[in-house]
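Once you've had a glance at the structure underneath, I'll fire off some questions.
Should a chain be cited, it is by its letter among A, B, C and D, assigned in written order, with residues numbered from 1 in that chain.
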Amino acid sequence: MKKLNVGIIGYGFMGRAHSNAYRKVANFFDLQYEPVLKAACARDAKKVKAFADKWGYQSIETDWRKLIERKDIDIIDICTPNNTHAEIANAAAHAGKMILCEKPLSMDGPEGEKMVKVVEKANVPNMVWYNYRRTPAVTLAKQLIDEGRLGRIFHYRAKFLQDWTINPDLPQGGAGLWRLDVKAAGSGVTGDLLAHCIDTAIWLNGTIDQVSAMTETFVKKRMHNLTGKVTNVGIDDACAFLGRFTNGSLATFESTRYARGHKALYTFEINGEHASIFWDLHDLHRLQYFDHKDDSVVRGWRSIHVSDGDQPYMKNWWVPGLQIGYEHTFVHQVADFLQGVAKDKWAGPAFRDALETQYVCDAVLSSAKNDRWQKVKHAYK
Amino acid sequence: MKKLNVGIIGYGFMGRAHSNAYRKVANFFDLQYEPVLKAACARDAKKVKAFADKWGYQSIETDWRKLIERKDIDIIDICTPNNTHAEIANAAAHAGKMILCEKPLSMDGPEGEKMVKVVEKANVPNMVWYNYRRTPAVTLAKQLIDEGRLGRIFHYRAKFLQDWTINPDLPQGGAGLWRLDVKAAGSGVTGDLLAHCIDTAIWLNGTIDQVSAMTETFVKKRMHNLTGKVTNVGIDDACAFLGRFTNGSLATFESTRYARGHKALYTFEINGEHASIFWDLHDLHRLQYFDHKDDSVVRGWRSIHVSDGDQPYMKNWWVPGLQIGYEHTFVHQVADFLQGVAKDKWAGPAFRDALETQYVCDAVLSSAKNDRWQKVKHAYK
Amino acid sequence: MKKLNVGIIGYGFMGRAHSNAYRKVANFFDLQYEPVLKAACARDAKKVKAFADKWGYQSIETDWRKLIERKDIDIIDICTPNNTHAEIANAAAHAGKMILCEKPLSMDGPEGEKMVKVVEKANVPNMVWYNYRRTPAVTLAKQLIDEGRLGRIFHYRAKFLQDWTINPDLPQGGAGLWRLDVKAAGSGVTGDLLAHCIDTAIWLNGTIDQVSAMTETFVKKRMHNLTGKVTNVGIDDACAFLGRFTNGSLATFESTRYARGHKALYTFEINGEHASIFWDLHDLHRLQYFDHKDDSVVRGWRSIHVSDGDQPYMKNWWVPGLQIGYEHTFVHQVADFLQGVAKDKWAGPAFRDALETQYVCDAVLSSAKNDRWQKVKHAYK
Amino acid sequence: MKKLNVGIIGYGFMGRAHSNAYRKVANFFDLQYEPVLKAACARDAKKVKAFADKWGYQSIETDWRKLIERKDIDIIDICTPNNTHAEIANAAAHAGKMILCEKPLSMDGPEGEKMVKVVEKANVPNMVWYNYRRTPAVTLAKQLIDEGRLGRIFHYRAKFLQDWTINPDLPQGGAGLWRLDVKAAGSGVTGDLLAHCIDTAIWLNGTIDQVSAMTETFVKKRMHNLTGKVTNVGIDDACAFLGRFTNGSLATFESTRYARGHKALYTFEINGEHASIFWDLHDLHRLQYFDHKDDSVVRGWRSIHVSDGDQPYMKNWWVPGLQIGYEHTFVHQVADFLQGVAKDKWAGPAFRDALETQYVCDAVLSSAKNDRWQKVKHAYK
């Protein structure tokens, strides 16, 4: 088995999730390439050392430019706040590294466009961590749609509901809370949560042409974690939009961090002429499926426990009935990435796919700002 | 439409449920016979008058023997405590009345045997109010089984769980509480709740040959409502049994009034070679169905919302998606009874069917008392 | 008990639902006024006679003007298509009758305004059949909100999803299908389904100030049932809108008849600072409730089986655990109407309440037509 | 961090589950001891080499006696069929190794008794892999019970339902199918599945004193995988039992591999005076909880998504709302084992705990064979 050396930048929540994936993938999947935890990089030497020890990284760096310069690094994995993705990715591409970048791709579409140009010119494998595509139930949904089981699509609706920022005493910004700081994050729930919903939607149902959105910031001022000052909150606490897909189906999307009772309730439903599908991150190992072709007296929504060997990715895990969890989506993404490299047929979502999502986010934020319908620019030719 | 005059005895919970059914049935079903609320009977003249006024009974009686003597009464409906069923039913049969008797049929098998003999000799239409058979979802289950969709049956399990007697201060006996008085009720949960489970089971899966049971009385002494004295509780608070059906499948049954959190959770599940069925009284308008013949990747339990016109009884009610409730099971039973009379093909469960259930109850109580497996006597030849 | 004579106009689906309510209400509720099924009215004498016989109406009329002229009629119940409500209601008000009108109130806001003026000038009890308010679980939601359990409200989302018009061969217009004919119905799902969602929303969460909507007609042409000709479909098959409530919370609403797998899935969810509520018409006897004040380790959505005597309306029905169904919402509405008349404190929703809903529908349709945000006119001063 | 060298025997399903746990535990838990994958042992050198390579074991052995003799091995992990546990465990104890043994402990109680004596005399840390105790939701149940939230317990019911052996063409015995071979497994569902249910039950609700059981073998003959001959099936396909716990509560247990539609549906429910708990392996990240102390109008079963940092084990994983899966129960067991060794306070279930479960299994099988109630021998003094 050939080795691919990973250099990871950032040791936060995503740093752990990715590291776990690299460590596990070869235990469960048959691969031609094996990832090696070569180097971890962050500004704080002590913290990054502790992280590297915990996960078995062989070395550390405190300057990501040095990491990129290293000859022994094949893959750069970017797990830093959104406002740093472009600079790092561009440098990595110039250095000819493979790139795995956290989502969202960029702060906005124009920035993302440049990143796409750079990686495509460099012709390096590139991928963005929209991990939910690789939930077995979601991948199964994709299969069912591709098989034509749903027929013409009428409706696609998605929600991503959380409640962790209701407390007005929660500060904004700083380590662990940069998602509340518009300068680091670019936007609030739109880039953090809706971006996931949009990526899945485009993958399952094609592109979106136009949107009408509204956003809201319920808590207008918060203390900033780093300065201790109370300042205006720049992010969107909630965002909802209507839209029209290119295939004629209707889109209704909503995300918030103020939905009491929901921790990370990402759901989507797609209604087709013949069948419908529903999925829910809180029970990610299940897919709900309704097939109108069933005998009429016994028609009903099927609750499919996606844990059998003939269902996506599941032959690599345990036995029927034994569920996997959140972290496995990252393992699947690494497996597909490595297999794509081996076959020279790179797995998505590529930077360009993520740019399409970015354009939808831009249109959503623009529509909400201007109170009008907004056309969506397309990344695909 | 021909008229059939109903004389009802008892005005308690079941008196209301049956009266409602008589009043509604002709609004929703096309019938050759229409029930007329002719007379209500109970010992307390004032109370039975109020009941008759509430429901539109044309007259009252305070002596059930007089009611049975009346020429203008066609149907005697027995809604009195269990220890009075036999005497009333026998008298009604001798008088040539049609009889609808509340469940359980009798205090025990020997008493029930005599009742069966009397009604069969009198050759009068006779039925016992095991109403849950007529829940549309349960009737649908019967259809699916009769169509052979389940194949060979391996398992049948049923539970009827309540929690209303946990409070030790609840008195036993007296109006509204006679179900806690062994002299009036004959037994506790066995005759009150398990009898329902057994009736459905025999209907769906055939007779039971042998049982091993245990019973328990958690609160040993309670104040008696009528005397004010604290006396030993004679009923079973909980009962569970194992058994073997004649068709070779295994039975597991349980009932209790000490299952905190369950109001009236009657559930049954039946596992066959090809398919399985689950039903739950708390959501009685749904049937859960698993069909192994579905494509393997999309197999799952279907939650069937039984409210379509091609599902049992439902064309008589509203439109798809709009559910019915508990009381409708009685309306269906009256409709089937009347249609049975019209076609001279009486609908079940007849007294004989209820006797089969009684024999299982007897065997269960005997097994629990003697701590050993007990064979079940059969009512069917 | 005093009598109030009902004259009903129309014998369709709603004619049955209302008649059932009038027949049952006095059996289950203690009332000062009892409704009497006095007369049924429709143009087809034979059909209305059959209907009157089925339900026990004492007489029939074939001209609604004659019905209104009758001195022995106290209440006019309007169950006819939407385009006839105004004329009948206005005439009934002039004649001093109490009026119960099917929803939606009118074809549009301006028509509804006149109706409100007329009934308020006539000072007659007036009510619109937005029956879902009286689902016990929904009334319980109202109680919880009024008690302040939710705190500040952030989000309100509602959907009403059906799938019965997906088949393009379904004709438009004519008996039973007038809801597909824009001339009779005024609109499609907006007036038929969203109007229900909006009525509940205003009741629970106050008025809506502005909306951005989209509508779609998936099947553009259908055969007209009466003429046999294929003509353009004028109604909206689907409608979704974003909005802002006066209290600052965000609204997301959607309705369609193209959501495969859903028969009549009316759901709403309301997220407050302290608690959230979810309800679903397909299991109307349950309320989902999340209370953040619960101990953190055992916090979770509670599935409340609304069937206890201390829950709204339920002491009038059966015992805990035994559910009611769709039709009972109408019984509750009649009970409240009659009690309101007795106390001279009329129960809502009055015509004015229904006008507020109508204004939202108007704004929604206007927004969808013009692709822009639309302010909502208010019926309340 | 100190190292503990693991020698694992067997590379089947459990070999993988344990290896994964050893590899992951130090990434997610703060530990004083770190497990090292030192040696893998099995008779087939080629296969065990492949396994060792896949998981990173540093060496292999083909004779478990040699493995036990090695000075560099601290822990022996026994993942072989049931009929080999005793001999290996006894040898490992004599050699002073720590022992982690797959469940069930032994072929029967007498064999288990000897194993307990040996390990207790050797005074080595010993544990049995009843992993479901360490599902966070199950551990939370334990906490709630220990806090007294349930009060007096009335009922405990458990089921473990599968459907994978319905096909009569499935052979018995041989690699991967030794669970169908009575000589290797000792029993069928009783030792394989009910043993899990019993272990959890004793942990949560104390010991069981007496049982009445029935067993069934639905497919009487199967081809033996190794010989190719059709022989009698010696295992129990299904087993159900009634019982009485020492604390006075009633037990109902059932297990089968013939419940169509269930892959690995291990469920338990416990009903106490004040509260009830339900858990389900198919959605293992949830706990259902009913608390009678909630306000009566909002009482309901709570669906707790066990993924918050203050819930058992979960602070070590991701963020609220992101679920873990089956394999994590093994990681938790290793973490607790290592922490127990560090504190010299060994974590359970010890061999003695597993012996108590074995005695219940013995009583169950004996009761089923003799058709009578059977007292349970106790391992605890």
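In the analysis below, a contact is a pair of C-beta atoms (placed from the backbone, for glycine too) under 8 Å apart; a residue touches a chain by one contact, two chains touch by 3 or more.
Bear in mind the structure is a predicted one, so any value in this text is a computation, not a measurement.
Participant: Name the chain whose C-alpha centroid is most distant from the C-alpha centroid of subunit B.
Facilitator: A
Participant: Out of A-D and C-D, which chain pair has the most contact pairs?
Facilitator: Counting C-beta pairs in contact for A-D and C-D gives the edge to A-D.
Participant: Nearest whole angstrom, what separates the Cα centre of subunit C from the Cα centre of subunit D?
Facilitator: 55
Participant: Provide the C-alpha centroid distance between subunit A and subunit C, rounded to the nearest whole angstrom.
Facilitator: The mean C-alpha positions of subunit A and subunit C differ by 42 Å.
Participant: Need the CA-centroid distance for the pair subunit A / subunit D, whole Å please.
Facilitator: Once rounded, the distance between the two centres reads 36 Å.
Participant: Subunit D: which residues touch two or more other chains?
Facilitator: Residue numbers touching two or more other chains: 262, 301, 305, 308.
Participant: So in the complex, which bits of subunit B are touching subunit C?
Facilitator: Going by the criterion above, the answer is residues 13, 16-17, 19-20, 23-24, 26-27, 54-55, 162, 164, 262-265, 281-286, 305, 307-308, 317-328.
Participant: Could you pull out which subunit A residues touch subunit C in their complex?
Facilitator: Of all residues in subunit A, those touching subunit C are 154-155, 157, 161, 163, 166, 212-214, 216, 218, 238, 240-242, 244, 250, 252, 254, 256, 258-262, 271-276, 290, 292, 301, 371-373.
Participant: In the complex, go through subunit C and note every residue touching subunit D.
Facilitator: 140, 143-144, 287, 289, 291, 294, 296-305, 308, 310-311
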